[in-house]
């Protein structure tokens, strides 16, 4: 069976890294699916999802690594064409990626002990974001 | 139910970033599956898939970021062993990754408004590429 | 139908890149599922999965690229707070990502000819690791 759901949240933008593990666990539990897989997807071209230990130090460390990969203050062709100043956000999101596929067992996502699911909003302004969850499996 | 399909395309290589959104939408629609999930996979060790706003400026910006991560003109051990000069392509593909998991609702992939699916061919020559689509869900 | 399985392995840590393709193929074959999709997931916040040509030269090239993205010997806030010295490992794992979604056809994962599945253990010490496989599809 399939259960479709989504999480909507407000972000601050500017590589805002938000722990959504509790919401994901709640949605998986509410689906009634005991065993299967979760397709988790960040709808939007300046957001991404990944897993990390969602501890303030590591979150800042990840932000610095992303700044090394796609610095905010270099020239982006996108910004010349569109003038919205978020070229770096598009590049960052494409590198981290919009989707995760997470196994579900006994009604829970099979994350490691210190492994949290995070949405990253790379855009240069606060946004309302939608993370889509399609849960497939057996009751 | 499961529908297996694939997209075959010719690329120019050299970090050729190709928007395949229309083909993906056509395949999902043709599958007859209304609600489920799409497993999208780039078969090959020098190609990858991700999402981005497939606009010429951002595409060039992404190419430059990838060049910073794995520059073409540094030494690669792979090239010493194999002599095919595409060590950078293997490294780039492994970092971006070969797969996406995309939710499907009402017969369409749930992409954001400016979010397109792209195949990236990192190889150093034109290639014929196969992107595999396995669509699971309900009619 | 759904088959749940996992691969347990011992790693050396320190960006240990381990080819698990044969184990993955064996598990998929043993599942009895002919056609479907494999959700492959590295449980743990300092490990990741991707695909690459698992040849010694390219593996070393990938290690060097990862060292450029998140060098081991710079300051990490995580290490200040927790003192376990693996801040770089967390950042690296979040960038590469914990999951793959791989299509299965005729009882095999649809990998390219030179495309292998690898677990990467970024932690700064040997670990026992669990890679979870949830295989969905039809017999």
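Here the chain labels run A, B and C in written order, and each chain numbers its own residues starting at 1.
What we mean here is this: a residue touches a chain if its C-beta (ideal position, glycine included) is under 8 Å from a C-beta of that chain, and two chains touch if they have at least 3 such contacts.
Just so it is clear, the structure is predicted and the values come from calculations on it, not from any experiment.
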Pairwise touch network: line, ring, star, complete, or other: complete
Shared interface numbering between subunit B and subunit A [over half = same, under half = different]: different
Subunit B on subunit C, rotation in degrees - Cα superposition, rounded to nearest 5: 120
Rounded Å distance between subunit A and subunit B, as computed from the means of their C-alpha atoms: 19
Residue numbers of subunit C (touch at least two other chains): 39, 69, 95, 97, 99-101, 136
Touching residues (chain side subunit A, partner subunit C) in the complex: 35-37, 39, 50-53, 55-58, 60-62, 65-66, 68-69, 95-97, 99-105, 110-116, 118, 136-138
Residues on subunit C engaged by subunit A in the complex (per definition of touch): 2, 4, 39-41, 43-45, 69-70, 76-82, 87-88, 90-91, 93-95, 97-101, 132-134, 136
